[in-house]
Amino acid sequence: MRPALAHAETLALDLDGGVLKVTIDRPGTRNALSVEVVEDLCALAEHLATRDDIQVVTLRGQGGSFCAGGDIGGFGAMVSADASDPGVSDPLLQSNQRYGDLLVRWNNLRQVTIALIEGAAFGGGVGLACVVDIALATRGARFAISETRIGIVPAQIAPFLIDRVGATAARRAALTGRPFGGDEAKAIGLVSEVYADTTELEAGCDALIADVMQCAPTALATTKALLLRVGKESIDRLMDDGARLFVAAARSAEGREGVTAFLEKRAPSWNLPNDDKKVG
Amino acid sequence: MRPALAHAETLALDLDGGVLKVTIDRPGTRNALSVEVVEDLCALAEHLATRDDIQVVTLRGQGGSFCAGGDIGGFGAMVSADASDPGVSDPLLQSNQRYGDLLVRWNNLRQVTIALIEGAAFGGGVGLACVVDIALATRGARFAISETRIGIVPAQIAPFLIDRVGATAARRAALTGRPFGGDEAKAIGLVSEVYADTTELEAGCDALIADVMQCAPTALATTKALLLRVGKESIDRLMDDGARLFVAAARSAEGREGVTAFLEKRAPSWNLPNDDKKVG
Amino acid sequence: MRPALAHAETLALDLDGGVLKVTIDRPGTRNALSVEVVEDLCALAEHLATRDDIQVVTLRGQGGSFCAGGDIGGFGAMVSADASDPGVSDPLLQSNQRYGDLLVRWNNLRQVTIALIEGAAFGGGVGLACVVDIALATRGARFAISETRIGIVPAQIAPFLIDRVGATAARRAALTGRPFGGDEAKAIGLVSEVYADTTELEAGCDALIADVMQCAPTALATTKALLLRVGKESIDRLMDDGARLFVAAARSAEGREGVTAFLEKRAPSWNLPNDDKKVG
């Protein structure tokens, strides 16, 4: 028996087969990243590291907005707090670091992750869009790296934003704060596809999930981990390790089933005993 | 009192509020990068490092061309010069290194920088387009990494070109020398927007400036400096420093004004005493 | 006299002036990357390192497909082979490493390389598309990073795929395995241009070759080598070396001819004695 998903106050969770649908459930604040939301998303990521029975995680917001960014109300209180006592840790610093943790953890999830973006994706909400594998949006979604318009800096987001859209588009977005729509988000690579409305957005997501489910689960996790190392390690090391991972995958139960099915011109079956899924 | 901008023989300078408009003023050579132009642009960059009262710098060329690249006439004389005497520094080497200095300095300017590109942007002129934050062009502008067509190499430009358009588009442009127009420049990310004519180009630039002016000046400078570090430092260090910079910005006068204005649903005022603008 | 191109069983080679046309000639397997094809492409790359009289290399597949990826039949046999004896080297590991060698060698070729892609470009075939300087495709070409659909991982390809299309498009393609056509390949930067049919594809390639042939051959090789170093060495070192390479190119016979021709408003002639082509 798998451990049940822990209850998360701020998130609605729906697990169906290998697909976990996560909805940030704070529509009253347009799903702003309060301390509680950040903690719940961090805890969920920690749990998902143990769930190799889950292949896909989708992320969206309740009530027509994706995520309006930082919780400026709670944030204002932290700004005003006296942080001059060096013996007391600064809640503002902790909260920003914790948001950075969230980005790192979600970026590194072993599952294939898909964001469905409608309505507002501002500030920290754009950060979430940058750490999923595939971001989808409606044409009417509104994006902005709006931090500098309230005197703060998109600090934790910066590396993930550049990884996603390149330095050029990142400089423009972060140094103007200007809002932009779904089509421009696609043009700069922030999202992969744009859809006319929510119905089409969900259909596009379902089609992607069907694509992912055709792939071998451990091979996906190994591939994702390898892609995340590119640019951070030397190419020689990546290619040496890559060959070793390739051979381990090919000789695993998944690899044998996949190659055999290919040669027999039939669809492979990935319903494999758990022990066979370990690779590399 | 601020020190006045030094006179620059080859540049027309127009400072209005926080916006400095720079025009390379050598229309007879289509604003080619003579030794004098390079020196004037370097000296200006050095001055701008001290000017936190200037938020935006625009760069364009006089007379309908942006910049036709190196000054091949002056260059031909340097090629012919005898550089065999090791006691004498080689003017050709110095001139190329100085152009590299120019790219580094402009890339690192604390101000938000915008290029307005019409007509020719060849060779070294493309380099200038690669080091501003936002490049805008008319549809009729002509770009080319034309160095190899006269037997030389786009050496100083190479890292900035790849940072701007990626390795793929850089390889194509630099290894064919072929000219291309504004639409292709936008498609590969060399420019952010393309406009029908000069009037629209200027209107697009004005709109961008208005966007930038809504942002807090020190937050912009901090954000730009952080974006420029991505890819050059470890992500751990970037995120640690990022959290520290975030907190400093949030507790600065700018941050307090920005957050307060947001919560009071009013526009913030960035007319702050100078000492309050120091962050990080 | 140049040494003749060695005979390669699996490749059709056509050398005309400075242009070598390479066709993978295994239409019965849609030009799958058998051990023999990989060896022949590696050996050819080794030979081309000595051929500074060849400026352009084109790569395509015989019979309407570019390259269907790994040779899954031969591959299945290697998977089944007992690799438990540590004294015997594993043919599967060797074969994957050799494919990695192929990608590195072709990526680093001194010649300007162009791929013409029609029909299938799957798995390892996409890897080939990622290591040429310029990839062209027909609209009807079909691409897929299909490895995970048969339980294996796109390991050697990963760094080159990210270099070509960025991390975002690479994550989507590699983590879904979904096939996509020429237009999407262009949209993500996997290919530079898309054409209606084979005739237009070949015409587009001919136009690119004509562009390349206007450039100085040694300047091209120096430029390509420098572009390949970006991101792998510090910018200071790149710019220092770049200035040295610039000066060497400018003072070479090619550079003197190119600058003189430019000033005399005539086309340069690159038919230079071989000793003058050495730069850097």
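By letter and in written order, the chains are A, B and C; residue numbering begins at 1 in each of them.
One rule holds for everything that comes next: a residue touches a chain if its C-beta (ideal position, glycine included) is under 8 Å from a C-beta of that chain, and two chains touch if they have at least 3 such contacts.
Every value quoted in this text rests on a predicted model; they were computed, and no experiment measured them.
Overlaying chain B onto chain C using CA atoms gives a rotation of 120 degrees, to the nearest 5. Between chain A and chain C, two chains of identical sequence, the interface residue sets overlap only in part, with shared numbers making up under half of the total.
Note: centroid distance chain A to chain C, computed from Cα atoms, is 33 Å.
With touch defined as above, residues shared between interfaces to two or more other chains in chain C number as follows: 166, 231. Chain B makes touch with chain A in their complex at residues 112, 133-134, 163-166, 189, 192, 208, 211-212, 214-216, 218-220, 222-224, 226-227, 230-231, 235, 238-247, 249-252, 254-263, 268, 270. Taken together, the chain B residues at the contact with chain C in this complex read 72-73, 75-76, 78-79, 83, 90, 92-93, 96-97, 100, 104, 147-156, 158-159, 162, 166-172, 174-178, 231-232.
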